[in-house]
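Going by the order they are written in, the chains are A, B, C and D; count residues from 1 in each one.
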Amino acid sequence: MPYPHFKELRPAYGFDDVAIAPGRITVNPEMTDISMEIEGVRLGIPLIASAMDAVVSPAFAVKMHELGGIGVLNLDGLQTRYEDTAGIYQEISETPQDKATAFLQKVYATPVREELIGRRVEEIKKHGATCAVSVIPANTKRVAPAAVEAGADLIFVQSTVTTARHVSKSVRGLIFSELRHNVKAPIVVGNTVSYDVTLELMEQGVSGVLVGVGPGAACTSREVLGVGVPQVTATIDCAAARDEYYRRSGRYVPIITDGGLRTGGDVCKAVVAGADGIMLGTPLAQAEEAPGRGYNWGMATPHESLPRGTRIKVGTRASLKQILHGPSHLTDGTQNLVGALRVSMGMVGAVNLREMHDAQMIIAPSIKTEGKIFQMRGLGS
Amino acid sequence: MPYPHFKELRPAYGFDDVAIAPGRITVNPEMTDISMEIEGVRLGIPLIASAMDAVVSPAFAVKMHELGGIGVLNLDGLQTRYEDTAGIYQEISETPQDKATAFLQKVYATPVREELIGRRVEEIKKHGATCAVSVIPANTKRVAPAAVEAGADLIFVQSTVTTARHVSKSVRGLIFSELRHNVKAPIVVGNTVSYDVTLELMEQGVSGVLVGVGPGAACTSREVLGVGVPQVTATIDCAAARDEYYRRSGRYVPIITDGGLRTGGDVCKAVVAGADGIMLGTPLAQAEEAPGRGYNWGMATPHESLPRGTRIKVGTRASLKQILHGPSHLTDGTQNLVGALRVSMGMVGAVNLREMHDAQMIIAPSIKTEGKIFQMRGLGS
Amino acid sequence: MPYPHFKELRPAYGFDDVAIAPGRITVNPEMTDISMEIEGVRLGIPLIASAMDAVVSPAFAVKMHELGGIGVLNLDGLQTRYEDTAGIYQEISETPQDKATAFLQKVYATPVREELIGRRVEEIKKHGATCAVSVIPANTKRVAPAAVEAGADLIFVQSTVTTARHVSKSVRGLIFSELRHNVKAPIVVGNTVSYDVTLELMEQGVSGVLVGVGPGAACTSREVLGVGVPQVTATIDCAAARDEYYRRSGRYVPIITDGGLRTGGDVCKAVVAGADGIMLGTPLAQAEEAPGRGYNWGMATPHESLPRGTRIKVGTRASLKQILHGPSHLTDGTQNLVGALRVSMGMVGAVNLREMHDAQMIIAPSIKTEGKIFQMRGLGS
Amino acid sequence: MPYPHFKELRPAYGFDDVAIAPGRITVNPEMTDISMEIEGVRLGIPLIASAMDAVVSPAFAVKMHELGGIGVLNLDGLQTRYEDTAGIYQEISETPQDKATAFLQKVYATPVREELIGRRVEEIKKHGATCAVSVIPANTKRVAPAAVEAGADLIFVQSTVTTARHVSKSVRGLIFSELRHNVKAPIVVGNTVSYDVTLELMEQGVSGVLVGVGPGAACTSREVLGVGVPQVTATIDCAAARDEYYRRSGRYVPIITDGGLRTGGDVCKAVVAGADGIMLGTPLAQAEEAPGRGYNWGMATPHESLPRGTRIKVGTRASLKQILHGPSHLTDGTQNLVGALRVSMGMVGAVNLREMHDAQMIIAPSIKTEGKIFQMRGLGS
C-alpha cells in the first residue's frame, strides 16, 4: 500500500520578507554598470515606467528616456481614446472619490481611435526618445504593426496572466512565435510568475518577459481570485528559466519585475532575485511630471462583474529626476532609486546587474526587528 | 541507548496563509465546468448553504436550487420547532444584544415537532427543488427515514467532530454502514479534518464528507478546547483520503469544505486544496433572502456549561443572486463567488474542478505583503 | 578543511502557536478519567494552584482540595511572616499602584517566623485536605522536615531555574537524592525546561518536576535576561525525559506545566504536549476565594538590583468552582477548565490523560486566522 | 537535462526572534568572569560605547573605563572639528526637529583639525584610562599613527560595510596587513556580517572584528538599499569564522557585536550567539553623562544624495553606572546590563563568556507569546 499523497505547499517570499547580505568585496558605486538591453534596445538604467495612464503620457516617456530609462505608453487607454487628454485627466482628478470608479468606467467606455495610435508614437519619437508601447493580447495583431510602422521600438503585450497557450472557444490565443514574424520590433510579454511559462515564452522567441501576478498589476487578485505569487519568489523562478534558456540557446532574454515595488530597497532586492529590469507604477505616479495629477488607477482589463480597479490618491512627491537620480531629502527609500541601486551593488561587490544576481539574499521575517529599525532610524547603533 | 522521542508538531495552514499560483496554460472562464455530484445528485455550482437557521429556510433552499447550488435545511432547529417561524425570526432580530444568548437558549428549548419534518421537506420539493436536510447523529435513525419518505434527496449528518466510532457508556454511536441500509438517500457525514477518519467513513459507504473543525462550525473550539485545524490543511488531508479511497475502490466520494470561508478567493483556494464542494454560512446569511434578517447564530449542540454560540450581526449586503453570480460592485471578494471561481480556474488553466485540484498552491505568510495589497488595491503596479 | 560550524537554532512553540487535531474516535466526555498521582498522592483533577501569596491561603487550599485539585501554600511568603494575614492583604490591595512595588518590598522584608510554618499546615490538614507546601532551595533542609512533621503531604522546591547541580563558592547546592532521605514526603522540584535536567532530577529520585522558565514564573526573564523557552516546547522536551526515565526505571514521575496558561484551550494543549499536571496562577487569582482581592504579584526571589515582580490588577471574575467546573457564562475559555479538558479529550478520543499525551498537535501560526476566529465567534460557519 | 537552479534564501534571526535556553547546571552569578581581551588590552566588562558623537566624549570615555568597559572616541566628528564642543552640543540639542538634519549637515561640514586629534587622546590618557579611537578607512593611514603617538591604545577602523578588498578607480582600498605594520596598536575593523570576510580580515592580522550591517550603524540601509542581516545570524556567522581561524592559527581574535542592542536580554543573546564584546549606542546615549543631552544622531558617512542619519530624541534615563551595574528600578531590561549578563550566565551554567557561547538558543517567534509576557509582567504564573 503506497503512502497517501498530500498536496505540497511551497513557501514564497515578497520584498518585505527578505534582505540582501553584503558581499566579500566592496566596489565603488561610481564604477557600477546598471545598463540593460532588450534585444538591441539599450537602457542606461534598468527602470521602466508602467503602461498605466496615470503614469506614462508621451511627454513622460520622453522624460524617462532623457533620464536613462524608458516609459511604456498604453495604446489601449486614454491616449488613444481621446485627442485632448489633458481635459480628461483634469476631470478624473476632480471627480469626488465616491464617483471615481463609475466615472472611470464611463471614460474607458469610449472606443480606441486607430489614428491616435501612430500620433502618440510620433509624439515620443520626434524628441529622439526610444518608444515603448503596450497592447493587450486581443488587439496585438492589429495594433502592434501599426505602432511599429509609426516608429515604436519596443512592444509590450500584457495581460493579467500570460501563458504560451490559451484555451478558448471563441478566440484563438496569441501564438508569440507567429507574432514575431509579423511584428518587426522586440516583443516583451507578460505577466507570468512561473519557470515553465517563462521558458516556453522564451522558446517561442519573445524578447523579454514581465514577471508578476498578484502584487500590483492585478492587485486584488489575491482576495477576489485567490491567485498571486509574492514577487521575490516569482522573480527567482522566472530568472531560473531565463538562465536555463540561456544555457540551452545562448540567447539572453531579460526578465522585468513588475508589481509592488515601492522603495530603492525593493529595486535592489528585485535585481538580486534575478531581475534585469524593473517596472514601476505608483512610485512614478508620484512624480511631478506624471499625468495622473497625484492619482493612480488600475489598468487591468475590467471584468464586467468582477471590478478590480479604483482610483486612489498617491500624492505628488518630487520631480522624476529626483525620484530616479536624487538627491534625496527623505530616508524612506522612495527617492534616488538609481543611487540606491549603485550603493547597494557597491556593498555587495557587484560591478554590473548580472553580478548582482549572484548576491546572497536572506529571509528576515521579524516584524519586530523591522519595527525596531523604524524606531531607530538614523541612529548609529 | 536510543535517541529520546520528542513529540512532533506539523505545520498547518488556513486560507490567509496561502495563494494559488497561475498555471502553464490559461482557459477562457466561460469554458469551465464547475458542477459537482453527490452520489447521483448533481449541482450546477459547488456551493452549499450551511444548515443554519439564520441561513436556510425552505424558501432560501428553493432559491439556492434555482441558482445552481443547494441549501441544507436544519431539521433540528426553528423550522421543526415552530409552525410560524416568521414571528420567531423577527423576535430574535429584535432582541437586544445583551439578552440574545438567553433568548436563543429559550427559543431552542422548545421540542422538535415530528409532523413539521415532512412538511418542511414538502415546502421545498413542491417547487421542484432538490432537497437537502441536516440531522444530528442522535436523531438520525428516527428523523432521516421520515425526511426521505417526504422526499428529501440528500441527508447531512453533522456534529462538531465526527468519527466512524464513538465510545460512550449510554449511547451506541451511529454505524454509518448500517445507516446506509436503512436510509434510501445519499448521506453526507461530518465534520472531520483527518485523513484516517475520512477514509474510514468512505469505507463505511458514506456519500460525502464534510471537512472542518475549529474555523467555523465550532469556532470558539480553539480557545475553549484547544482543538482546531486550519481549513486548507484539513482539506488537503481529507482530499488525500478521497483520492486514496478512489484508487482502491473506484468510487469517487466528494468532500465538502465547511467553515471559515468568506471570499471568492477562499472558495478558489478551497477547491485547489482539494474540495469538491463548498459549504457557506455567514457569506450567505448576508443575502437579502436569508431568514436571519442580518444576523447569524451558532448551531453547535449547546453544551450546557460550555457555551459556544451567540448571535452576531452580519448585515444584509446583496441579493443571493448577486453574491453567487454577480455582478459585483465591491472589490473585497464577497460577491460573484461563481465568477471568481471561473476566472481563477481560467488563470490556472483548469477546465473542471478536478483539474483545479492539481493547481499549485504556495505559502505566502507575509502580513506586510498582505498589508501592501490592501493599501494598493486597484492599482496597476 | 572541515566545513565551518555554525550554531544551530531550534524552533520552539507556545500555546498560541499550536492547536490540537481531533482523533480517529470520539469518546463521551463523561467517560474520561482526568486524575493524576504524585507518588501516591492522588488528585481527582490535574489542576494545581501556584504557590503565590495572591492565590493560595490555607482556606483556598482547602477549597481546591474539595474541588478535586490541590493548592500549594508558599512557606516563604506572607502566611509565614504574619500572624494576621487578612490585614496585610487588605493593605496591599489598597496601596496606590505607584507605591505598590515599594510596599511589597517592605512587606516581604519581615522575616519568616518558624512557628507559623506548622500552624499553616495544620490549618489545611484539620479540614481533611491534602496539604502541599512550597519552599525555596536555600531553606529546604530546614523548613521541609518541619512542614512534613506538621502533616504536609507534598513538598514543592521551586526556584526560577533548577538543575541537579549548582556551582557556587558560598552555598552547597541542594542534592535532591540526599533530600529524599531526610524528608518523608514526595518532593516536586522545579522549574526546568530541558530534557537533560528533567532526566537527571528523576534519576536523583524526585517525585515530580515543574516545567517552565520564562513565560510565567520569571516572566520578565526573557526581556531582562534573554532566557526563556515557550511552554509547549518545554513541556514536550520534559515529557520525553519522563518517558525515557519510565522506560529505563519503570517509575512514572509526573511533570507539571507551570507558567503562562490562561484558558481551557491552554490546559488541553499542555496535556497533549505531555503534561500530567497543570499549575495555574493568574486564572485562579481571579477567583472570588483568592486572598489577593483581585491582584496578583510575583514571587520570584527578588534580585536586589534586577526587580522582576510588581503588583498587577487581575480582577475578580467568578467563584473557584465556576472557574474549575463551570457552568461557564463566557466564551473566552477562562471558565470550566475541567469541562473543557473533558470535551477536548472526547474529541481526541482519549480516555485518560496519558492517552491524551498521544494526540496530534499542529503548528497553526496564522495571526489572521486567529483574528477571524475572534470575529466569527459563535457562528456556525 | 539538469534540474533548474533556483536561488536559495537562508533564514536569518534578530534578537527578538530568539531566546536562551537554561543549561544543565546553574552557577552563582558572582562567580562568573565576564572580562574580554583585545590583543592584550583587557576589559573587565565586555561593553564598548559606540564611536558616536552623542555618546562618547573624552570625559565619557574616562567614565566607561572606570566602570570596567571602554568608550570609543570618534576622531572624525565634533571632537576633532571644534575646540569648544560644549557649545556645539548645546546648539544641536536646542535646534528644532525640522531643522536638525540641515543643522547637523552644516556642523559636520567644518573640517577636522589635525591638532585636536592628539589633544583629545591626551584628555583621556591623562586620567589613566585606556583610550580607544575610531577612524574612517579613508583617513586611517594619516590619523591612526598620530593617535597612537598621542597614546591611543586601540584603533577602530569603521565603515558601513567592510571587506578585505575594495574595488575603486580612484582610491586604493586599505590593506589591513600593511596597516598592521605601520600602526603600533591593536586594530579593530568593521563592520561586516559574513563568515568569509571575517576570516579574511583575521588572516590579514586584525585584532578584532565589528559585526553588524543593517540593524543599527546603517539602520535605514534595509529600506533604502535592501541590505541588512539580522544581528543574531550575523554574530553566529562571524563567530564561526573566529572559531575556524582560531583552530587554524591558534590566535583568538574577538568579535564585537555592534548594532540594535537595547536591553540586557539582547546583550545576553549576543554573547550566546558568539560575541566576545558588545558595542552599545543608544542605550548609553541615554546616560546622564552622555554628551548628546538626550539626543542621538547617525554617524554613517553621509552619502550626499542618500541621507541616512537624523537626530532623534532618546531621553536621559539614568547614570552610566546604573545602566551598566544597576541597581535597576525598571523591569524593561534597560538597566544593570552587567547584572543581567551575570544572572543569565548563572542560569545557563556558564563561568565565562566563552562557555556562554556554547549555550543553547531557540527560535521563539510568537508575537502573541511575547504579548502575553508583556501583559503578565511581574507575575509568578
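What to note about this one:
Note that a residue touches a chain if its C-beta (ideal position, glycine included) is under 8 Å from a C-beta of that chain, and two chains touch if they have at least 3 such contacts.
Being a predicted model, the structure only gives us computed values, none of them experimental.
When the CA atoms of subunit B are superposed on those of subunit C, the rotation angle is 90 degrees to the nearest 5.
The two sequence copies subunit A and subunit B touch through a face in which the numbers common to both fall below half of the numbers used overall. A separation of 40 Å divides the Cα centre of subunit A from that of subunit B. Centres computed as Cα averages put subunit B at a distance of 57 Å from subunit D. In subunit A, the residues that reach two or more other chains under the touch definition are 13, 365, 367. In terms of which chains touch, the assembly is arranged as a closed ring, every chain touching its two neighbours and no others. Of all possible chain pairs, the ones that touch are A-B, A-D, B-C, C-D. For subunit D in complex with subunit C, the residues that touch the partner chain are 13, 18-28, 30-31, 195, 232, 236-237, 239-241, 243-244, 263-269, 272-274, 325-333, 336, 339-340, 343-344, 347-349, 351, 360-370, 372-373, 376-381.
Subunit A makes touch with subunit B in their complex at residues 4-7, 9-17, 50-52, 160-171, 173, 192-194, 196-197, 200, 212-217, 219-220, 222-230, 233, 258-262, 279-282, 296-300, 303-312, 365, 367, 370.
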